[in-house]
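I've put the structures underneath this note.
One chain, subunit A, links the two complexes that follow: it is found with subunit B in the first and with subunit C in the second.
== the complex of A and B ==
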């Protein structure tokens, strides 16, 4: 099942309707990630007939711009608003992915969203999982959406 | 007399966005109360005059389904209408919400037009 097209459409819908920001795919899908630097990740777990995780990884300055657009105000540091906004992006992406998987016979539940921030960190699966990482760009910069689903 | 709304969502960002969408949809409320989960929502409903509730489903402490269930057992607040605003779209969970008294559901992400389309006729 190629879910990347659905994830792209979901992400574009979320950003245009809620963040008031247009995004576009910025290159080919990847299957491995590079270390994340000065970034924030919104993460949502999936469990049920299939286990996995969905994450959105955003450089800090891009996350601040996205949050500012979300809230209609200037944001100049990674604070609770940014963490909350990034978590909510992951939440909405997760909701759409859940619907798509459900239409394909995969019944999953979602965790509450969490966020990770740091100067440098890796985000890697520990189990054998199918993984797609979709690179996006917007006016504020680039970010990725990362989905891992157990084989 | 104007109307009051209670927004229930564990995301403060989402509560702000819902408030913004209400304004953009031209739906004015005298007071917008906010709660981060079902427990806080019940506390507010018991002490404030609320005309309608917009509630998420997936929340910590008390989720939207549990909130509906608890609210339905309290005489003073059981008839206050609740509209779900959630990433959840499955027939089973929305059906359960409606069986517990929810009057409808709006899926996230949403536009102000969608908010107006669903909420406008209810006010």
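== the complex of A and C ==
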């Protein structure tokens, strides 16, 4: 999918400017997901001329490090700060993807950012959607960005 | 923007309408939970985002057995596992309930667009919205078991 390059650039920009972290792509893009353990996912929906879902799946330890860097404080548990930070990351990524998909970004609306937190869960599309999962790594560890677009 | 209609009532009638029309099931609901904690035990959650006039998320949270019962009633077949049929069925129901909510909002001149449904399957997970989102949870009873329909939303400024 062409937009993976744009997603990568957006993610790197967001992490570098807002989270003060450098991130890099860590392997080949994937089309199906693996079960997530002790992780938190930030999720945001897109509706309008393009319909889809964008998610960022982060292991707890990495999420705490990212939140700490984002908020400038020590974080040692998955709490509301982590949920808000991860949700906000999904929100910012969603905002960038909006402009990638639609010239002025006005024809696509973003839903409420939400988070899923759990010991073990599977995050899956329900309908026929084109899916791309991009693996990233940063100093704190690895995470993925998961983009699904209605065909 | 204030609530010009009762969102909880619209969720209740919207859900009951989908179940009676598509599954021939008459649902009962229990007392709603509005902006307070509710103990939800979900093995399968189908969720769909809402954008435009509001920024929201409509989620259907099901314990495994209820998800299978709902799918069985929807598809007219027995279901043993939380497989693709179950995810598709609950996802489609979430889509239809969200669709009814879209119509409800349209009657108050608020235009809402739907994203696509996704499913979360697992034994121990929970879903959170951002801190200041409104949260309405309606418990429904199907074959003596409970599932929950939840709407989280903020007005879109």
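Here is the rule we go by: the second predicted complex is superposed on the first by the 147 of 151 C-alpha atoms of A that agree within 3 Å, B and C clash if a C-alpha of one lies under 4 Å from a C-alpha of the other, contacts with A are read in each partner's own complex, and residues count from 1 in each chain.
The rule we apply is simple: contacts are C-beta pairs under 8 Å (C-beta built on N, C-alpha and C of every residue); 3 or more make two chains touch, one makes a residue touch a chain.
No experiment lies behind these values; they were computed from the predicted model shown.
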item	value
First, second, both or neither for A:117, with subunit B first and subunit C second	second
Partner chain in contact with A:25 - subunit B first, subunit C second, else both or neither	neither
First (subunit B), second (subunit C), both or neither touched by A:51	second
Comparing the two partners subunit B and subunit C, which touches a greater set of residues in subunit A	C
Which of subunit B and subunit C A:43 touches, first, second, both or neither	second
Which of subunit B and subunit C A:102 touches, first, second, both or neither	first
Partner chain in contact with A:85 - subunit B first, subunit C second, else both or neither	first
Touched partner set for A:17, first subunit B, second subunit C, both or neither	first
First (subunit B), second (subunit C), both or neither touched by A:3	neither
Residues of subunit A at both interfaces, subunit B in one complex, subunit C in the other	80, 84, 87, 110, 112
Contact footprint of subunit C on subunit A as seen in their complex	35, 43-48, 51-53, 55, 80, 83-84, 87, 108-127, 129, 148, 150
Residues of subunit B defined as touching subunit A within the complex	10-14, 16-17, 20, 58-60, 86-90, 107-111
In the complex, subunit A residues that touch subunit B	13-14, 17-18, 67, 70-72, 80-81, 84-85, 87-88, 91-92, 94-96, 98-99, 102, 110, 112
Footprint of subunit A on subunit C - complex, ascending	45-52, 55-57, 87-88, 90-92, 113-131, 133, 152-154, 156
